[in-house]
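Dropping the structure in here first, questions after.
Chain naming follows the written order as A, B, C and D, and within any one chain the residues start at number 1.
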């Protein structure tokens, strides 16, 4: 197993860990983090594919690398938007919680 | 001459690595927040400086060497200032110790 | 080469540990700090994967801008106690099993590549000479897949529009609610006076060399945006109200020039976003310079957040 | 020489890992912020070493980028930690 393969497995595991966090963690901020984790896992796998495509003196295939750069920028735009929405929600309701039905129960529990 | 330079590189890099070790040990063993801050900033900046000093003979040209030195200066300046900001926030109670 | 392999395995293990920490940490602030460290390490891993262009982007975005936004949000939400109850144990186990299966499937795909590994590297290198660029990744971004790059900038501006539209009505056209550091003339002032000149040089350098070696408009623009935000956080410059003409002009100048050159391609080079022969490099450099400015302003305003005060109040 | 320098890069990153694991077990915000700082400096050292060993000068640019921006995130945090708890209104008057 070469180094690229290790990073590939690492990326695959990160996707799983991130998905788990995205589904199970109730806090929106943590969901944003988990979403970024899934994204970077996918990017890493792309990076491994690019590294395997090394040819003609290049360290890696430049096409997937360029796609990853675009993807990082778009993921950042989505994250910035999500954070702004979350802060606005917090400002409007005083709670950073997605589930409106929970806010009543929460006071009790 | 090459051997001499190589010996210099190895010595400086080993000394730098030692200071990184010292910084981590300080971070783990020192008793309170302010001493720990002190440990990581001083030891790590010195470690990075020594490693960069050791790598200078191997740099591909004067511009590369200049870049290496400016990396160290940047880390030095911003590290010192950020540490001071953190320490101040701790003292004023903005950050939990 | 076993030392390198050991280093790579160590890096993979470390990033996995930090990633897992950001999901399972109890305190969200700790998770966010973990995520900033995750971004730093990811940049190192991209270097190990021979992708310095991606490493530069990740270093600028992952640890810098995302870190700033997330840490700011976590600090603002710090007083908030989260009462939300998560999924029950049975649900967690089910989700866990599904996630393990997804990971395993992906790992199998990545561990057993096809016999002949597909690569576009030879095709890129063959056609790169025509564009006059020296950096293959820049070639892909600005020549072969220029439409992606154009749309990516549009996405950034759309995100900014989305954030601005969160402003309450009375604050529309007003000043973004960037939290500034409350102690004037502190050491931060010193940092905000010292770092930006260096940062501007680095940003211009990144944009300038991007055509030939790793770097480019996005990386340069991010550094400029970070320096602008630093100056605003330190209170040395005011955050501009969002209805300023110069601000809006700079926001769109990059994509507009890019689009204009793309449309001119219909007439001059027979296709949208095609460059006339012999003029590719100067045109691309012009687009990159304009994009750097636009990206710097867009990211700076993304960091500053939605307007919160009307400018007359 | 190459494996010595790569080994040093590994050692430095290992030190960062050790610091991280030690620190993350403590319930202190400041310590965690420090651990991120430590990781920043150590990553920069690792990158510089890798740049020399792989003879890729552009890796130093990545280190330069980290040096510029790692401090930036920490500044953003300290700012929020000192002003985050205050209400919007208090801040508004401050600006007028």
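Everything that follows uses one rule, which is that a residue touches a chain if its C-beta (ideal position, glycine included) is under 8 Å from a C-beta of that chain, and two chains touch if they have at least 3 such contacts.
Predicted, not measured: the structure shown is a model, and the values here were computed from it.
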Next item on the list: With chain centres defined as mean CA positions, report which chain is farthest from chain A.
Entry: B
Check: If you tally the C-beta contacts for C-D and for B-D, which one comes out higher?
Finding: C-D
Note to self: I'd like to verify one number: the distance from the centre of chain A to the centre of chain B, where each centre is the average of its C-alpha atoms, in whole angstrom.
What the structure shows: 31
Notebook entry, point to check: So what's the Cα centroid distance for chain A and chain D, whole Å?
Noted result: 20
Next item on the list: Can you check how far apart chain C and chain D are, centre to centre, with Cα atoms defining each centre and the answer in Å?
Entry: 17
Notebook entry, point to check: Taking each chain's centre as the mean of its CA atoms, how far is chain B from chain D in angstrom?
Noted result: 12
Next item on the list: Provide the list of chain C residues touching at least two other chains, using ranges where the numbers run on.
Entry: 4, 11, 48, 65, 74, 76, 183, 188, 191, 195, 198
Notebook entry, point to check: Taking each residue of chain B in turn, which ones touch at least two of the other chains?
Noted result: 70, 74, 78, 81-82, 85
Checklist line | Per-residue multi-chain contacts in chain D, two or more chains | finding: 29, 33, 35, 57, 61, 64, 68, 70-71, 75, 78, 81-82, 85, 88
Next item on the list: Can you check the complex and tell me which residues of chain D touch chain C?
Entry: 3, 6-7, 9-10, 13-14, 17, 20-21, 24, 27, 29, 32-33, 35-36, 39-40, 43, 46-47, 50, 56-59, 61-62, 64-66, 68-73, 75-85, 88, 91-92, 94-96
Next item on the list: Sort out for me which residues of chain D touch chain B in the complex.
Entry: 1, 4-5, 8, 11-12, 15-16, 18-19, 22-23, 28-31, 33-35, 37-38, 41-42, 44-45, 48-49, 52, 55, 57, 60-61, 63-64, 67-68, 70-71, 74-75, 78, 81-82, 85
Margin query: Which stretch or stretches of chain A touch chain C in the complex?
Written below: 1-21, 23-27, 29-30, 32-34, 36-37, 40-41, 43-45, 47-63, 65-70, 72-74, 76-81, 83-88, 90, 95-99, 102-103, 105-107, 109
Item checked: Contact footprint of chain D on chain B as seen in their complex -> 6, 9-10, 13-14, 16-17, 20-21, 23-24, 27-28, 33, 36-37, 40-41, 44-45, 47-48, 51-52, 55, 58-60, 64, 67-68, 70-71, 74-75, 78-79, 81-83, 85-86, 89-90, 92, 94-97
Check: Which residues of chain C touch chain A in their complex?
Finding: 4-5, 8-9, 11-13, 15-16, 19-20, 22-24, 28, 31-32, 35, 38, 42, 45-46, 48-51, 53-54, 57-58, 61-62, 65-66, 69-70, 73-74, 76-77, 80, 82-87, 91-92, 95-96, 98-100, 102-104, 106-107, 109-111, 113, 117-122, 124-125, 136-137, 139-141, 144-145, 148-149, 152, 155-156, 158-159, 162-163, 166, 218, 302-303, 305-306
